Amino acid sequence: MSQKVQEFNDYRAKMNDKILASNNKIIKRIFNLDTNAYAEGHLPVKTKELLGLVASAVLRCDDCIAYHLKTAYENGVTKEEMMETMSIATLVGGTIVIPHLRRAVAFWEALEDEA
Amino acid sequence: MSQKVQEFNDYRAKMNDKILASNNKIIKRIFNLDTNAYAEGHLPVKTKELLGLVASAVLRCDDCIAYHLKTAYENGVTKEEMMETMSIATLVGGTIVIPHLRRAVAFWEALEDEA
Amino acid sequence: MSQKVQEFNDYRAKMNDKILASNNKIIKRIFNLDTNAYAEGHLPVKTKELLGLVASAVLRCDDCIAYHLKTAYENGVTKEEMMETMSIATLVGGTIVIPHLRRAVAFWEALEDEA
Amino acid sequence: MSQKVQEFNDYRAKMNDKILASNNKIIKRIFNLDTNAYAEGHLPVKTKELLGLVASAVLRCDDCIAYHLKTAYENGVTKEEMMETMSIATLVGGTIVIPHLRRAVAFWEALEDEA
Amino acid sequence: MSQKVQEFNDYRAKMNDKILASNNKIIKRIFNLDTNAYAEGHLPVKTKELLGLVASAVLRCDDCIAYHLKTAYENGVTKEEMMETMSIATLVGGTIVIPHLRRAVAFWEALEDEA
Amino acid sequence: MSQKVQEFNDYRAKMNDKILASNNKIIKRIFNLDTNAYAEGHLPVKTKELLGLVASAVLRCDDCIAYHLKTAYENGVTKEEMMETMSIATLVGGTIVIPHLRRAVAFWEALEDEA
C-alpha cells in the first residue's frame, strides 16, 4: 500500500478507536449512522459514495474527501467520474475548492499506485 | 403550476435576465458553466442532479436546493432517492441542514402537486 | 402565545411530521439523536442548550437559533446569559453573525411577551 | 426612499438599538469596531467598502451585502465596479453565491430608484 | 510539557507578537476582546470555555479547538464534559467535524500527558 | 526564493498540471476564469487582488490566501494595506480567521525575505 494511503488509514483507525473507547453514546451512534448511510438503498453504493465525495469537497474536508475517494475507488468509480464529481464541487463551491482538488488528485494517484 | 414553484421560477428568470444584461464577462461564463456542468457526461444527468442537490444542501442554499429538486424531479428522481440524498446531506452537514430539509420537502410537495 | 413563536412551532411540527412520515431511517435516527444529545448528562441541560445556541449562531442557522432560544428560555436561562452566549458567537463567528443576533433578540422578546 | 431600502434601514436601526440597550460590553465593542474598520486608513473608504462587500458575499450574508451595497453606493461605487466585485465573489465562493447576487442586483436597483 | 502542546504554544505566541507589532488598531482590539469575552461574567469561565470550544469545533478551526481545549483543561473540565461538548458539535456540524474530533482527542491526550 | 514560497509554488504548479491533464472541461474553464477575473477592468489589479485576499481569508483557505498575498505583493501592495485587508477579514469572519492571519503574516515575511 502506498505510504500516503497507509498513514491516512492508520491514523484514522487509531483515533477512531480512542474516540469510541471514550464511550460517548451520541458520538458512537453518529459513527454507526456514518456506516449505514452509504449502504445500498434506493440509490446504489457507487452513487452514494459520489454524494459523500461532493459533499465533503464543497465543505472542504480533506480527510472526508480522502475517505470517500478510497471507498469510491474500491467501488469501481473511474477517474473520469471522480473528476466530473469534483468539477461540480468546484463550480458549486467555488475556487476555494481548488486546493482540495489538488490534494484529491494526489490522493487518487496514491490509490492507483497501490493497484 | 403550483404558486410556490411559479414564484420561484419567475423571480429567478427575471433576476437572471438583469444579471446577464449587466454584461459582466466572468458572471456570464459562470452562468454558462452552470448549464454545461450538469449535462450528460461520464456520469448520467440524474446522478449529476443529485450531486448538485447534496452540494446545495450541505452548503445550505435554499434557492440552489429548490432548483436541483426541480431538475431532479423532471429527470425522474423518486421521492425515496431524493430523501436518501438529503439524508446524506443531513449526516455530513449536521442538524443545521434540517431547516433546509423542511423547506425541501415542502418544495418537493409543490412539485408533486403540479403533476 | 405570541404569533411569531406560534408560527415557528407550527411550521416546525408540521414539516417534522412529513419528514418522519417519509420513513428514511438515517433521518429518523438523526432526529432521535437530536433529542438525546441535549438531555441531562455530565453537563446540565442548561449548559447544553447554550452549547446548541452558540453552535447554531456561528453556523448562522436562524431556525436552529430560535429553537435553542426557546428551550434555553424554558430552562431558566436569563437574558444576560443569552446575550453573553451570543457575544461569544459574534466574536468567534464575526460580524456576519450580527443579522442573526438581531433576529435572535426579536425572538427572545417574543418569548418574553408570552409570559 | 424606496420601500425596500427604508424597511432594511428601519429594522436594522430598531434592532441595533435593542441590542446596544442590552448593555453587553463585548457586543458594544464589536459594533464600535465595525464602524472604525471601514474608515479612511492606508486604504481608501471605497476600497474598504468593496472589501466588506466581497467578504459579505462569499459568506452569503444578505443583510451584510445590503449594508455594504448602500455604503458603497453612497461612496460613489459604480454599477460596473459593484458587478466586478460580485463576479470575484461568485468565482471564489461558487454558484451558491448566485441567489445572493440576484438579491444584490435587486437591492442596487432600489438604491438607484431613490436617486 | 508535551512536545505537541509546546509547539502549539510557541508558534501561537511568536506569531501573535508579530501580528501585534504590525500595529493595526482593529486587530489589536479584536485580540483584546478575545481575552475579555471568556472572563467570568453572568456565565462562569468553564461554561464560556465550552462555548468557545463548541463554536470552534463546528467552524472546524483546529487551532481554535486546541486553544479552548487547553483553557478548558486548565479550568477543570473533565474528559467526559469535553466529549459531551464535542458530541453536540458533531451532531450540529455533521460528520465533517469528525476529523477535528480525532485531532481534538489527540491534543487532549497530550494535555493529560503533561500532568 | 525563500523555501516556503518555493515549495508553495512548486506543489501548486505540479498539481495544476496534473489537474489540467485530466482534461475535464468544466475545471479547465474555471481555471481560465480564475486568471481573467483578476485582470485590469473597471477596478485596478491591486484592488482585485485585495478582494481575492479578503474573500480567501474569510473563507479560511490558506493556499488561496498565500496565492493572493504573493500576487498582491508583486503588485505593490504594502504591508499596512495587507494588514488592513486582513483586519476587515478578521472582523467580518471572526476570531476563527486569526490562525490564518498568523500563517498569512508568516508567508508575507517569506515574500519579503526573497526581496
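Letters A, B, C, D, E and F mark the chains in the order given here, with residues in each chain numbered from 1 onward.
Throughout what follows, contacts are C-beta pairs under 8 Å (C-beta built on N, C-alpha and C of every residue); 3 or more make two chains touch, one makes a residue touch a chain.
Model, not experiment: these values are computed from the prediction.
When the partners of subunit A are compared with those of subunit F, the chains appearing in both lists are B, C, D, E. Number of steps on the shortest path from subunit A to subunit E, with steps defined by chain touch: 1. Homomeric contact subunit C/subunit D is classed as different-residue, with under half of its interface positions used by both copies. Centroid distances built from C-alpha atoms place D farthest away from subunit A.
Judged by contacting C-beta pairs, the busier of the interfaces B-E and A-C is B-E. In this assembly, the C-alpha centroid of subunit B lies 27 Å from the C-alpha centroid of subunit C. With centres defined as mean CA coordinates, subunit E is found 23 Å away from subunit C. Spacing of subunit B relative to subunit F, judged by their CA centroids, is 31 angstrom.
Residues of subunit D found to touch two or more other chains are 26, 30, 33-34, 37, 56, 58-59, 64, 80, 84, 87-88, 90-96. If you draw each protein chain as a dot and join the dots that touch, every dot ends up joined to every other dot.
By the touch criterion given at the top, residues 11-12, 15-16, 18-19, 22, 24, 26-27, 30-31, 34, 56, 59, 61-64 of subunit B touch subunit D in their complex.
Chain contact summary for the complex, subunit B toward subunit E: residues 58, 90-97. Within the complex formed with subunit B, the subunit D residues making contact are 60, 79-80, 83-84, 86-88, 90-91, 94-96, 98-99, 101-103, 105-106, 109. Contact residues on subunit D toward subunit F in their complex (touch as defined above): 30, 33-34, 37-38, 41-43, 47-48, 50-52, 54-59, 64, 78, 80-81, 84-85, 87-89, 91-93.
On the side of subunit B, the complex with subunit F involves touching residues 25-26, 29-30, 33, 36-37.
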